[in-house]
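Each of the next two complexes has chain A plus one more chain, namely chain B in the first and chain C in the second.
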Partner chain A sequence: MNSEDVAGDPPVSYGTGSLSTGAQIAGSFGSTGRGPRLLSGGGRRAVVVSTASTLVVLAALVLIFWLAPGSAAVRHTFFDPADMWQSFIGDPKKGYYSVGAAIWLNIRMFLAAEVLILALALAIALVRMSTSPVMFPFRVLAMVYVDFFRGVPLLLVVFAIGLGVPALRLPFVSAQSAAIYGVAALVLSYSAYVSEVYRAGLNSVHRSQVAAARSLGLSNGTALRYVILPQAVRNIVPPLLNDFISLQKDTALVAVLGAIEANEAAQIYSATVFNFSSFTVAAILFLILTIPLARFTDRLIERDRRRRLAGVGP
Partner chain B sequence: MRPGLEAGQAAGSDAIGIEGLHKSFGPNEVLRGIDLAVAAHEVICLIGASGSGKSTLLRCINLLEPISSGRICLLGQDVTVPGVDANLVRRQVGIVFQSFNLFPHMTVLRNVTLAPVKALRMPRADADALATELLERFGLADKRNEYPDRLSGGQQQRVAIVRALAMQPQIMLLDEVTSALDPELVAEVLDVIRELAAGGMTMLIATHEMGFARDVANRVCFLEEGTIIEAAPPAELFSDPKDERTRRFLRRIVEAGRM
Partner chain C sequence: MKRGFVAAAAAAVAAAGLAACGSSAAPGAGSSTSSKISCTYSGIQNALYKKGQLTVATDEPAYAPWFENNNPANGKGYESAVAYAVAKQLGFKPSQVHWAYEPFNDSYAPGPKKFDFDINEISYTPQRATAVTFSNSYYNVTQALVVMKNSPIVSKHTPAELKTYIYGDQLGTTSLQFINSEIQPDSTPKIYQSLNVVASALQTHQIQAFVTDTPTAQYMAADQIPGAQMVGQFPSADEHYGLLFTKGNTLVGCVNKAITTLTADGTLSALQKQYLGIYQDVPTIKP
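The block that comes next holds the complex of A and B.
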C-alpha cells in the first residue's frame, strides 16, 4: 500500500488492482460523500484525484472492450446504432414492436403492482403482528403465505398464475390479459417480502411509543396510524425502495406470458432481425427507470435527516 | 354503550380508590395487595427502591397493564370491571413517563394536539389554541415548531407534561419524571409539577426526589416488595418513620447524600 494515504486510517483499497493506487481510490470516494472520515481528505486536491482516477478506470475498461478478440462481433451484435434505433421505434410492418413504447407497459405494471403490494403487505404484516387469540388462524395463514411466496421462484408464480388461472375457465377471472396476471403474480410474490420489511419497521418502533399513544386515550388504530406507522415507514424507506427498484426490473418476467413489454419486444426484434441490440435498448430503458428511483431514495433519506437536525417544522 | 367516566360521579368520593390490588408478571408478583385512597386535589408521592412496584402501580391505574386481582376506582367508578372502555378512562387520567416518550416525528405542537384532535375530535384551531396556551404557561411557546430531538431533556419532559395536560385530565400520574434528567434540569420539571399541585391537580407521583416529595406531597407512601409499608404526611414519614423498613430505606437515602 502506498504511503500518501489521504483518507487516513486504515488504508483501504477498493480493489481495482494496478489501474490505480489505493490512495487515489480512497480520495475519489472522498468527493462522493461516503462519510465524514473519507471526506476529510477533501478539498480541491480530492476532486482532481477523483476525476483523474475515474478517467483512468473508464479508459482502461473501454480499452479492454475495444481490444478484445471478439470486440467487433460483440459491438455489431449488441451495440449496433442502427439496430438500436430500429428496435427503439419499432416497425409493425416488419413484424416487430417498439421497445420504447413497450416500456410503458412495464411502467404501468410497476405502478399498479406497487400500490397493491404496499396495501397487501401492510395487511399481512399487521395480521402477523396481531396478538388477539381470535386472529390465531389468520396469523398462521399469513405465516404460511409469506413462507410460501418467499420460497417459490417468481418466474414459477408468473407461470402458475398466467397459465393456471385462465385454464380454470372461470367467468371474468379467467378472461384477463397477460399483463393483469403478471401484475397479480408480482403482487403475490413481492407482498411476502415487503410484509417482512414492514414487520421489521413496526418492530423497530419502541414499545414505549405505543404506551405513550395509548395512555393519551388514542385507540389502537389511531395510535398505529399516526404514531407507530409513520415512524416505522420512515425506518424502512431505504429497504422498501430497494425492493421497488427490484420490482421495476422483474416486470420483465411477465414477458413469458406473451405480454408485449420491453423485454418481450426486444426478444421479438432479436428473433426477427437476428441482432441483440434491442436488448441493449431495453437495458438502457430499465436503467433510466431505476436510477432516478435510487437517487430519489437517497434524497428522501437525506432530506429527512437534515430536517430533523435543523428542527424546522413541516 | 360502554361506560366511561362521568365528571359528575366524582363528587363526594375519592379520586382514586384502590383495594387489594395484585399484579403478577408470570410467576413474579410485583404488587402484593395495594390499598390506597386518594382524595380529589390530593398529591401523593410514592417512594421506594427500584423494583418496589411504583411504576407498575401507576401503569395499572392507567390500565396500561391488566391487573391480576383487586379493584381500582377512578372518580367514583370501578374501572376494573369488564366492558370498561380503557380509552375513555385514559382521557381523564394523564400519565407522564420517565423517558418522556414524545413522538419523534412530530413537532412539539403536533405532539400536544394529536390526542385532543384524534381522540376528543377537537377542531384543529381549538387544539392549537389550547396547546399554545399550555406551552406558554410552561415557558415552551418558542419551541412549538421544534422537533423533540432538538430539545433538552428538561424541555422534552415539560412538553410531555403539557401533552398529557392537553387532554384536560382530572388525575395526573407521574412516573419518575426526573430520573432520566441531568441534575441541572431537574428543577425546571419539578417547578411545573409544583405549579400543577398549587392549581389543585390530583396527582400520584413516583419519585426519588425526597426533598421534592417533602415539599409538594400531602402524603408520602413508602413501597417495598409490592406493598405499601407506610403512608403518612411527609413531615411525619421523613422525620419519624414508624416501620423499621422505612427507616432503613431513608437511612440509605441519607447516606447516598440524596436528602
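The block that comes next holds the complex of A and C.
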C-alpha cells in the first residue's frame, strides 16, 4: 500500500487499512483492475462530505428554481400535478389522449424495430465485409445504402415512407398503419448505423482467429458463425445498447405520421389545454424506459472490462 | 346574420366575464402595472410590447381566407383586416402595425411575449384561459366536414353513418375535440402536426374525412386539395375565436372595447361578408 498520507486525512483506522481516498487509490489503480470508486470505498468521511455537497448543490438548484420571478408560472405550466394526472389518464372527449397508454405504442415499435434492425444490419455488415468477386455489386449497394441512410435526416425518411408509400396505392403495402411505416423508416435508418457497429466488431476480431478456425477444417460459414461472430458481438454490445437507447427515443418521430405515441399524446394535451405538464409525464415515462437499459449497459461494460483485465480469455 | 350577431354579443359578454375571473386569479404575471389603464393612444403606451407600435403575431404560413398571399401586412383577409381595424380603434396608423411570427405551439408558453396579441384562429376554452388571456370573440366558429368528392360520405352522412368513417385532424384543435365529443367515431382519429399533413392524408386515402372551421374547410376543399369537397357544416357549438394575450396583459381591456365598438357599428360583420361571405351559405349536417 502507498505509504504517503492524504493531506488532511485524520489518523483514524478505518478497520481495513487499504480503504482510503485520493492518492492511495490512484496508486492502487491498475493492480486490481478496478478504477477509483466514486460512491463506495471512500471511507465514512468521504461519504458524509459527498452527501453534504450533493444536498447543498441540489438545494441551491431548487432554490434558484423556486425564487425565479416566473417560477409560479413555470411550475403551473410544466409541473402541475392535476395536469400531469389528466394527461396521464387522458380523455378523448375533451380532445386529448392518455400519455400513459400511448407509451405502449413506443414500446411495441421499439421492440419490433430492434429485432429487425439487428438482422438487417448484420446482413449489410456481412455483405460489406465479404471478399468474393461475385459479391462486388452487392458490396457497392450496401455501401451506398449505408452512406445514404446515415446521411439523410431520420425525419425525412419517416415522411417519405409514411406519406409516400400509401400514396403509391399498392394493395396491402399501401394500407398499413402509421406505426408500421414508422417502424420501417426506423429500421431503414438505424440499420445503416448498426451495420457500421457490426463492421467495427467484426474488424476487431484478429485475422489469426479466422486462420486458426480454417486450419481446424471449419468452412468459411462455420468459422463465421462459431468463431468470429460470437467474439465480434461481445465486443459491440455496449455500442449496440447505446444505439437502442437512442432508438427508444426516436420512436417519438413517428408522431409526425399521426400515430398517437407518448410524445404526440403529450403535444395534443398541451395544445388542447395550453399546459406543458404532459411533456413532463412523457419525459418521465421515457426515463423509466431508458434508465434501466443504460444501467444494464454500464454493468455489461464493467463485467467485460473486469474479465479482460483479469486475463480471462475472450 | 342577425342571429349571428346576437350570438356574438352573448359570447362576448360570457368571455368578458370569464376573462375577468381569470385575471383576478392570475398568479403574479404582469401584476406590476395596474389592471386598469386608460384606453387612449397615450394611455396604452406602457402596456405595449414596443412603444409607438402595435405588434401583432400570427403563424407562418398564414392561410386564406384569414390572410391573403401569406402576407399579414397587406390588410387583406379577415384576420388581417380585423387586426388593422382594432389598431385603428386604439389610435394606431396602419404603418404603426408590426407583424411578428409566432408558431401556435409556442403561443401559450409562459413568460414574456414578443407581441401585443396573437391572431391565429385560436378558439377560446375556459381551460386555455388559465394559461393565457383571450379577448372577446372576433369570429364565431362552426365546424365543417371535408371529404374527397368520390367518397360515399358525400351522400351518406347521418349521425350513425358518420361514426363509421376514419377521421384525421390537426393535434390540439377544437375540431379534433369536436370529432371525439360530437361525432364519436368507432375508430380513433389519426392526428397530424398541421392541416397540410391532414390534407395530404386525405388525398392519399389514409383518412376519409377531416373537420375544421367552415371558412378554412371551404377554402381547402375549393382551392387547396384537388378533388376534395366540403359536405356541410355542423350546428354551432358556441365556439369563438379570440385574440391571444400573455396572461394578465392589461391591453386586453382596451382591445375588448375596440371589438365591442367594431361589433356594434357593423364593421366585423361587413368584414365577414367581404372575406368570408362565400362561406356563409353552407348546408348544415348533424354530428
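The working rule: the second predicted complex is superposed on the first by the 262 of 314 C-alpha atoms of A that agree within 3 Å, B and C clash if a C-alpha of one lies under 4 Å from a C-alpha of the other, contacts with A are read in each partner's own complex, and residues count from 1 in each chain.
Keep this in mind: a residue touches a chain if its C-beta (ideal position, glycine included) is under 8 Å from a C-beta of that chain, and two chains touch if they have at least 3 such contacts.
Since the model is a prediction, treat every value here as computed from it, not as a measurement.
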Output check: A:Q267 vs chain B and chain C. Expected answer is one of first, second, both, neither. What do you get?
second
Touching A:A60, do we find chain B (first), chain C (second), both, or neither?
neither
So, does A:G258 touch the first partner chain B, the second partner chain C, both, or neither?
second
So which one touches more of the residues on chain A, chain B or chain C?
C
Going by the contact rule set out at the top, does A:S219 touch chain B (first), chain C (second), both, or neither?
first
Check the residue A:L229 against both partner chains and state whether it touches chain B (first), chain C (second), both, or neither.
neither
Given the touch rule stated above, what does A:N275 touch, chain B (first), chain C (second), both, or neither?
second
Quick check on the superposed pair: does A:I245 touch chain B, chain C, both, or neither? Answer first, second, both or neither.
neither
Name the contact category of A:A211: first (chain B only), second (chain C only), both, or neither.
first
Starting from the residues of chain A touching chain B, keep only those that also touch chain C in the other complex, and list them.
none
Chain B contacts chain A in the complex at 59, 62, 64, 86-88, 90-91, 94-95, 97, 99, 101-105, 107, 109, 114-115, 118-120, 145-147, 149-150, 163-164, 167
Parts of chain C lying in touch with chain A, wherever the complex brings them together
27-29, 104-105, 108-111, 125, 127-128, 130-132, 168, 171-174, 176-177, 180-181, 188, 190-193, 197, 200-201, 203-206, 247
Spell out the part of chain A that touches chain C in their complex, as residue ranges.
69-70, 72-74, 76-77, 92-95, 97, 163, 166-167, 169, 178, 255-260, 264, 267-268, 270-276
Can you list the residues on chain A that touch chain B in the complex?
208-209, 211-219, 222, 226-227, 230-231, 234, 308, 311-314
